[in-house]
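So the structure is just underneath, and the comments pick up after that.
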Amino acid sequence: MLKTAIFPGSFDPFTIGHESVVRRALDIFDKIIISIGYNSQKKGFFSLENRKKMIGEIFKDEQKISVMSYDIMTVDFCKEQNAKYILRGLRTAQDFEYERAIAQMNLSLKGIETLFLLTLPEHSPISSSIIREILSYGGDVSKFISLKINIKNYIEK
Amino acid sequence: MLKTAIFPGSFDPFTIGHESVVRRALDIFDKIIISIGYNSQKKGFFSLENRKKMIGEIFKDEQKISVMSYDIMTVDFCKEQNAKYILRGLRTAQDFEYERAIAQMNLSLKGIETLFLLTLPEHSPISSSIIREILSYGGDVSKFISLKINIKNYIEK
Amino acid sequence: MLKTAIFPGSFDPFTIGHESVVRRALDIFDKIIISIGYNSQKKGFFSLENRKKMIGEIFKDEQKISVMSYDIMTVDFCKEQNAKYILRGLRTAQDFEYERAIAQMNLSLKGIETLFLLTLPEHSPISSSIIREILSYGGDVSKFISLKINIKNYIEK
Amino acid sequence: MLKTAIFPGSFDPFTIGHESVVRRALDIFDKIIISIGYNSQKKGFFSLENRKKMIGEIFKDEQKISVMSYDIMTVDFCKEQNAKYILRGLRTAQDFEYERAIAQMNLSLKGIETLFLLTLPEHSPISSSIIREILSYGGDVSKFISLKINIKNYIEK
Amino acid sequence: MLKTAIFPGSFDPFTIGHESVVRRALDIFDKIIISIGYNSQKKGFFSLENRKKMIGEIFKDEQKISVMSYDIMTVDFCKEQNAKYILRGLRTAQDFEYERAIAQMNLSLKGIETLFLLTLPEHSPISSSIIREILSYGGDVSKFISLKINIKNYIEK
Amino acid sequence: MLKTAIFPGSFDPFTIGHESVVRRALDIFDKIIISIGYNSQKKGFFSLENRKKMIGEIFKDEQKISVMSYDIMTVDFCKEQNAKYILRGLRTAQDFEYERAIAQMNLSLKGIETLFLLTLPEHSPISSSIIREILSYGGDVSKFISLKINIKNYIEK
């Protein structure tokens, strides 16, 4: 049976921190589905369509990686995709406490296990929300985004 | 290539928290080596020999699991065993900060990745050191130890 | 003089974590008032009326427990009720830091002491906000709610 | 060259915790600009004008301290003011994790260093948000505000 | 039945932080036994005898408080004394994580509940170990010790 | 008056994390005394003499920096050196809680202020104790030590 993992998030936008975690997990799984959770009532900074394109572009040469979006419970999406695992990156102790509650609930609800990798030390201060804030002031975020894309192309006018 | 993980620790003694993490990780890896790190100058509560026996007994029906001991750097032991991964359980935010520094150093030193699973909520207060303390007062620790063994048989007289 | 404690919260909904803390504190106090703080401008997931009913049903056999709601400062509500104590459950280090600031302010403002019990390990991932999120997706939350009630009866159509 | 630091915040309102950090940092710098970051779309509890007046009144005898407001990125405001440093107070571990990410980004983006002082132990539970909450219930906050001002004079009717 | 609590610790020495927690808990219990846990193999800075005298002197006017020492498991000592509760003070998030594991084990082992009060903000940096360190350098610790005693009288020559 | 800061530690050994904090603080102070606290009863991995030499070599071109050792209380050493400030680097939330208690005591005891800089993200996993452990296994630590020195020259045979 294929070992499939979901890498869930809002990825608004997808950062080099996210990218690094996915690449470092590639050898563990047969398939990683980067899964954009969205809520039709909350508009993101980047459109769902552009987030998908961005991630697709970053990993276009990786056969094992696909990109999807979902608006159901993460564990239900795992079941739909036959994924037994959720993959998550951990940066800080504060992240950890939040992630722990979610992961323990996901295991309790549907038997889905969460595997954690640590972000690299140099990526620890990077978060999508800080990037959105810098962008909202017109600042340059290119060093926090994959070299494979130009983030300006994904911002709607 | 086999996906091999080291599950390192002093396991003095091996608790149901440890056991649960290993069992839940079984599907991820082809081989898990429970690896007892020891220091010939620090005597444990349980002898190295008895720790090995205890763990061997608990997992005697699991083909994928073996037990070894080592007295070199954990990353060097990984290299010797062709293990690309270290498996660790996380209980608390305090654990997390300690584990993060070690894991980031292990990646930086020898490219060994650490995968974390969370302990189950009901196992979070259990630690080898609390068990040793209860044992030192003659208390009963059987509910913190695998049902498959009788810990009293492993305490030296 | 009666030893009265307020157990304040929004209880949207009341979980088995809350229930366990109240039951374990019953012997300490003569009277525990489960006190639903509400803000007329924030609509909850469950109506205030249904939250009261739910809690009343759970503790209908406990003479020492009553349910009330309030929309003033918690310490002022304590004064009104002649309660010298606030009872709170603690789950995580993150909870702790938040609770500490509130409790130290309550002591400084009106001399009200806060007593903390720890939630049971198996209840640590349970929170009202996670339950509301599961409910918003139509998921089953019955294992996080008192066996004495059927939560579906309290959701408004 | 003058050693200038920005002390940024929303200061809604400015507390004795903020005041204490600024006074204790006075000898380190030649100039401290208390810098009210605001967002024209978020209305504060106190008007920007009144926040400036309040702080100006508190420090009217300190030649080294000035008060300004800004609505650009904090690091860009530092550059405009020739300030090489950001000054911040730290109260709790939770504060710390939040502040660390911001400070590391500010260093990475524009080379601005952040210096931290700890708040005094007795100030650790005091925050602008708790004060606003007390005020919203008509409570008395005078003990959390500088003796040099009467906060009631700054609340708009 | 009397509501009895154990306030356990090594109290080497007993600080104003300890004193404040005990006094603030006086109204909750009928009896508080300040219980010095000791290990005959670890010599303290203060002798067990002097620690008892110190605490006895501080609370000589409090009928509800007694001082004892014990060298068994804390929960077993609770059973011996018919104490259903352990009282503990909490200072920091780090304290919390340590205390949580102990308290959850005590509940699991013998059904003993632990009640936590927060130390006052101004007492949060005070610990017996820092006081011992200051004393080892001949420093003055009088402001961290009850006004009712002169700590110099308890240091052995 | 000269603005003098003490940068205290055991520096066994001095890491690139320490070096980076000192260099980044150079513009703030007129003089930084790297101050090796030692205890004649605890032998370090590196001799006190070699620690001094190592640090002296690293900063031999910096006029503002000197190296000293002391075996009294840090605040008393500050007084002797007319230093009003202690400089410290912060890595993690766990560091923070420990440092906070010490810093608040130092302020309370002798009015000495502590200024904190954050270590760079990439230095956050580096600590003297991890380096000593790697060295004890004969591992290579050169990437954690200043390029200006060869650490092998400082290890006693």
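By letter and in written order, the chains are A, B, C, D, E and F; residue numbering begins at 1 in each of them.
Methods note: contacts are C-beta pairs under 8 Å (C-beta built on N, C-alpha and C of every residue); 3 or more make two chains touch, one makes a residue touch a chain.
Just so we're clear, the structure is a prediction, and the values are computed from it rather than from any experiment.
K.L.:
Hey, what chains does chain D share as contacts with chain F?
P.N.:
The common neighbours are A, E.
K.L.:
With chain centres set to the mean of the C-alpha atoms, which chain is at the far end from chain E?
P.N.:
A
K.L.:
In terms of residue numbering, is the interface formed by chain E and chain F classified as same (over half shared) or different (under half shared)?
P.N.:
Mostly different residues form this interface, as fewer than half of the numbers used are common to both chains.
K.L.:
When the contacting C-beta pairs are counted for A-F and for B-E, which pair yields the higher total?
P.N.:
Answer to which pair has more contacts is B-E.
K.L.:
What's the chain with its C-alpha centre farthest out from chain C?
P.N.:
The most remote chain is F.
K.L.:
Roughly how many whole angstrom separate the Cα centroids of chain A and chain E?
P.N.:
Whole-Å distance between the two chain centres: 48.
K.L.:
So how far apart, in whole Å, are chain C and chain D when each is placed at the average of its C-alpha atoms?
P.N.:
34
K.L.:
Listing for chain E: what residues touch at least two other chains?
P.N.:
Residue numbers touching two or more other chains: 92-94, 97, 100, 104, 121, 124-125.
K.L.:
For this structure, enumerate the chain pairs that meet the touch criterion.
P.N.:
A-B, A-C, A-D, A-F, B-C, B-E, B-F, C-D, C-E, D-E, D-F, E-F
K.L.:
Contact residues on chain D for chain A in the complex?
P.N.:
Interface residues on chain D, with respect to chain A: 72-73, 76, 93-94, 97-98, 100-102, 104-105, 108-109.
K.L.:
Under the definition above, what is the set of chain B residues touching chain E in their complex?
P.N.:
Going through chain B, the ones touching chain E are 92-94, 124-127, 130, 134, 137, 139-140, 143.
K.L.:
List the residues on chain A that touch chain F in their complex, please.
P.N.:
That would be residues 92-94, 121-125 of chain A.
K.L.:
Quick check on the complex: what are the chain E residues that touch chain C?
P.N.:
Checking each residue of chain E against chain C gives 3, 24, 27-28, 84-85, 90, 93, 96-97, 100, 103-104, 107, 113-118, 120-121.
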